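Provided herewith is a single structure, encoded as structure tokens, for subsequent inquiry.
Think of it as A, B, C, D, E and F in the order they're written, each chain with its own count starting at 1.
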Amino acid sequence: MFFYTEKLINEIVPDQPDPDAAKALQETLGGHFGEMRTMMQFFFQSANFRGKAKPFRDLIRGVFVEEISHVELVMTTINKLLEGSGTSPADGNAGNAAIPLNEALRGGQIHHYLVGAQGSMPVDAAGNPWNGSWVYSSGNLIADLLDNLVLESTGRLQKCRIYEMSSNKTLRETLAFLIVRDTAHQIAFAKALETLGVNWGKVLPIPDIDISKYPECQKYIDRGWDKVQF
Amino acid sequence: MFFYTEKLINEIVPDQPDPDAAKALQETLGGHFGEMRTMMQFFFQSANFRGKAKPFRDLIRGVFVEEISHVELVMTTINKLLEGSGTSPADGNAGNAAIPLNEALRGGQIHHYLVGAQGSMPVDAAGNPWNGSWVYSSGNLIADLLDNLVLESTGRLQKCRIYEMSSNKTLRETLAFLIVRDTAHQIAFAKALETLGVNWGKVLPIPDIDISKYPECQKYIDRGWDKVQF
Amino acid sequence: MFFYTEKLINEIVPDQPDPDAAKALQETLGGHFGEMRTMMQFFFQSANFRGKAKPFRDLIRGVFVEEISHVELVMTTINKLLEGSGTSPADGNAGNAAIPLNEALRGGQIHHYLVGAQGSMPVDAAGNPWNGSWVYSSGNLIADLLDNLVLESTGRLQKCRIYEMSSNKTLRETLAFLIVRDTAHQIAFAKALETLGVNWGKVLPIPDIDISKYPECQKYIDRGWDKVQF
Amino acid sequence: MFFYTEKLINEIVPDQPDPDAAKALQETLGGHFGEMRTMMQFFFQSANFRGKAKPFRDLIRGVFVEEISHVELVMTTINKLLEGSGTSPADGNAGNAAIPLNEALRGGQIHHYLVGAQGSMPVDAAGNPWNGSWVYSSGNLIADLLDNLVLESTGRLQKCRIYEMSSNKTLRETLAFLIVRDTAHQIAFAKALETLGVNWGKVLPIPDIDISKYPECQKYIDRGWDKVQF
Amino acid sequence: MFFYTEKLINEIVPDQPDPDAAKALQETLGGHFGEMRTMMQFFFQSANFRGKAKPFRDLIRGVFVEEISHVELVMTTINKLLEGSGTSPADGNAGNAAIPLNEALRGGQIHHYLVGAQGSMPVDAAGNPWNGSWVYSSGNLIADLLDNLVLESTGRLQKCRIYEMSSNKTLRETLAFLIVRDTAHQIAFAKALETLGVNWGKVLPIPDIDISKYPECQKYIDRGWDKVQF
Amino acid sequence: MFFYTEKLINEIVPDQPDPDAAKALQETLGGHFGEMRTMMQFFFQSANFRGKAKPFRDLIRGVFVEEISHVELVMTTINKLLEGSGTSPADGNAGNAAIPLNEALRGGQIHHYLVGAQGSMPVDAAGNPWNGSWVYSSGNLIADLLDNLVLESTGRLQKCRIYEMSSNKTLRETLAFLIVRDTAHQIAFAKALETLGVNWGKVLPIPDIDISKYPECQKYIDRGWDKVQF
């Protein structure tokens, strides 16, 4: 069973609205390697787990529960990036002369204004809906852990790329937090694989970007959040 | 059996070409809550209808037949919004220096110029193809009517949003007509539910925008087209 | 604008319920080369038509309008094949011991009993939903006519194959009628191409099955329905 | 933020393995109106909520959190229905003569044995993957609540139909619990709509099956679980 | 069995990077009528071929093998059009102030920078992934050849349209080569149909654009590459 | 550029037709972890490769070229498993009484008889079409190699499971050959990762089934085909 307390897993840093950043960040929410995928993949793997190696199940389930909070954080960040863009609320009575939603035709993702009311959606940055075929739950523990490692690594790679697309502070703070947590999850899955026989030596983390160059990341690293499991 | 007479259900008002408006209006044609969905959903519900409550079947079928004309109207409006955009016909022999279809790379929906010849397509405003899984035909009359109400309400909501994206007259006239007809269909499905026990009180129409502020709507309201079934 | 009169384009011949035949016939309704595709493809091509060659537009539109009636006929046939299968109505109050919908687990298409109430759906024989990307409307007249010919030929080929899967009379009568009409549509599109320079010689119809061996077809051939346009 | 305690929201009742029941129950997990949809739809609606009407947001979020536990319950039930079917574990070293996974070719859903190791998947009963385009979060409160009502009603309708497909006790107990909870959620969304002006009179619940005829439901009704919000 | 030699089927002509052209050219790679489709369709048709008419199988297989090289050519062209766009490599350590991937938010296809590292992808110009349902392999020789003709004609039509969108030389040279080869393939499939009874008269090639007006095409025509099979 | 010689990469062993085995083997052709995916993924990765580490590109490209032959082998095996099932050719003139394609309604994959003429298709074992979103080409070498390892491991896992579903010799011989080659590809990608810092120790191969128990595999192991790259 699951419980909720009304508190985001990380704070939202204020900045200007930025619909283009909101469009890019949809990849981190509803993309092939986004947070909805990590959440659902670890949910299926932990619920489908059989056999006696319970510590592996507990690891996967622990990450799953944190990922629900990641999804909530990305949804909230996208909403913040959209809020106040354009010049009027989505359902206003603008009447004849005004075109308050004209913003929707000048960049960003048109569905943010047309299907939602400047709110997050379960789609990727190119507008493709999230797809259940992406979830990996093979029933083979090593294969599952390897795919989890690819998933966390690719998520981290994509977040680094989005970070380099815009200097918006709302965007970068959320990305920085999630990049640090992806690092911790990579390490966790890699260590689990090491107990099964792999030495990860110099390969991790993926990508091998020195995140100390992303200033928002430093405070999380100082707290050790790139190494501990929540 | 079905018949056709060569006449649009509403006139097309002339204005400049507007590829961005054409892209947005694709949602009203091929989107999750567009006219192709209303047409096919009411087609399936009326053809699959069983039992003795024929007046409900006749209501759904009557709306279905009107929706075919709505689809035709939106197709024609999109074509009008695309016609004359760019500087040459789609299949012309432009040769070396000219780039007559360069318009396709400067906004709008690239498929309008690449897959079609500046013509309408069965896709939504983000370019996703129409999907049969959206059609609702459960075989339970109340559930079907409720879903129809959600469908008409959401279609109306999205049309109001597109109306507020652009002041192009070709776009707005078609939207105004369809918003008024969605209102009438909402009322029809709501009344059908009332005969089964629901009192819709103050809830309808959805959204609760005062469409008298959309000047193109007024003439249709004066004719009572927001209340009668065609 | 479109109109309706309550009459199927061909009669439904009674026989036993046959859920397996209903599953197969879904291809003719919601498949890649089914009647929903022909209906929507000819709708888009005729509404998107530009230029002066109006007789071609009128041909395509005429076939489109007949195809709406084909869709209705296939929906009704599927419903008839499902009606009375299993032992109780879909929403009944069966209670403890009974398993009135057990039929759904013993073959056929489970969604016919689970998502619909023994009713037709916009999916193919393998359960995949209808997809808008299948519609062909290129804006090039010859290419459109050629694709229409492939569409009618493949529809005819698939109907012949379904005919050979079951001897159920409800199934075979609807197929026989549609095979004959596909033949007429093939000829119409081929003749249109001939006026543009192609000589179809010995190729048509596709497939080259002698449909006089399908006894249900003969009466339609005697009426010349494999040659005239409705 | 989200938390977990290792306890299912309802117990799993033991019975024989039943791969056909597992296939049907996939609709309740990964179908268009399954628990993954309710979970994600209420997640998006509550995270995207704006404005002052916080009690509505809290209602939707409360149901969302319960739905995570429903997803876990259905996953576990499917796993139980698959466990022990066939004659050997999925990854065994069967060698030459044996065909321990032959069960996979004799009914049920082949992916349960081929893609997963007799475990649940994010797909519907016909094998189609879960699709993000199904999530409804329009930003209009009444439209969202109406769609939630359709969603809960259709989920309840489909669960009643699956109940009538098989008398397997593992299957029926989980369905009975979820039917009762769907009833409570229908009432909650309907009451929320009533505060906004609708009188639901005699319409609910949908479908109008007397669930006192499903004996597994009675104990939950006795506890009032068809009326309270968890 | 298949073999490779490290040589492109045509040279890449240098020019400036052009992310918008790269986006458009994705249609020629991963679109409904792109080179991945021609490659896979002719692969399935030739491998599935039965019966004694081996020369037809050899024709289809010969074109298939050439199409693998076309796919490689388009991939390489897209990569060249993306290389050097923006101001830094995809995985660089840009740190605080810089936004080296800001290019991704200013046009083109965002996935080129986010999912790939400025590399080609199996999607169309609107970002939709390639779909196996597009492959046509009916088992009827005439129907297969007709669909191949539609496929080559539509591919040629779309390439002419992309040619007219941009004067980038890297783009136009690759398109010119492929347009000439599509012409040759059209002729080959048409001749095959002629041996089966069709006279193609004045219809081909489709579209009837005089490609001598595309100067990049002339040298290939002089070599006769619009008429011979490789 | 690519070349072909008319020889399968492994022989087809004769046995009875087996439509259920053909259905299962579709996963190995068109599934998420099937040979079409390996072929296209390695094609994109090698064509998109940048930088100086050419030996890695050559490794990936070498495997890609072998995978084209794997796709051809699986297509041919499926065709062999279908050939002669049922009682008549797909396009025959069966006439009134006969139902020569009745086989299509009694198990297996109905599209094998309806869409194709008892031929292979680009779909998985549950009938879902192949999807371009599955291809992984991130531009990060380690991430690409890791995903390739997951892909080969999962392909091997699924082939072992299909092997255990049926004792048909046509099926098992092709699977045995491909399992051995997957082993070699796993080793190749793992060694490439080792040069970059990982020690794979006891983890590989995945799954850890002792394939010496599959007698068809032994002769290939004796030749060392589980260790060398073709």
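Heads up, the rule we're going with is that contacts are C-beta pairs under 8 Å (C-beta built on N, C-alpha and C of every residue); 3 or more make two chains touch, one makes a residue touch a chain.
Small disclaimer: the values here were computed from a predicted structure and weren't measured.
Undergrad: Taking CA centroids for every chain, report which one is farthest away from chain E.
TA: Max centre-to-centre separation from chain E belongs to D.
Undergrad: Which one, C-E, B-D or A-E, has the same contacts as B-E for more than half of its contact pairs?
TA: It is A-E that repeats the B-E interface.
Undergrad: How many angstrom lie between the centres of chain A and chain C, each centre taken as the mean Cα position?
TA: Distance between chain centres, rounded to whole Å: 45 Å.
Undergrad: Nearest whole angstrom, what separates the Cα centre of chain A from the Cα centre of chain F?
TA: 33
Undergrad: Using CA atom averages as chain centres, what separation in Å is found between chain A and chain D?
TA: The computed centroid separation for chain A versus chain D comes out at 26 Å.
Undergrad: Once you find the CA centre of chain C and the CA centre of chain D, what distance in Å lies between them?
TA: 35
Undergrad: When you check chain A against every other chain, which residues touch at least two of them?
TA: In chain A, 32, 90-91, 115, 123, 127-129, 131, 133, 138, 140, 157, 207 touch at least two other chains.
Undergrad: Mind giving me all the chain pairs that touch?
TA: Inter-chain contacts occur between A-B, A-D, A-E, A-F, B-C, B-D, B-E, C-D, C-E, C-F, D-F, E-F.
Undergrad: So in the complex, the part of chain A that touches chain E is made up of which residues?
TA: 20-21, 23-24, 27, 31-32, 107, 124-128, 157-158, 160-162, 164-167, 207, 209-210, 213-215
Undergrad: Applying the document's contact rule, which stretches of chain E touch chain F when the two form their complex?
TA: It is residues 1-5, 7-9, 30, 36, 40, 43-44, 47-48, 50, 61, 65, 68-69, 71-72, 75-76, 79, 83, 90-91, 115-123, 129-133, 135, 137-140 of chain E that touch chain F.
Undergrad: Quick check: in the complex, which residue numbers of chain F touch chain A?
TA: Those in contact with chain A are residues 32, 128, 131, 133-134, 136, 138, 140, 142-143, 146-147, 149-150, 153-154, 157, 193, 196-203, 206-208.
Undergrad: Which residues of chain F touch chain C in their complex?
TA: 88, 90-102, 104-105, 109-111, 113-115, 123, 127-129
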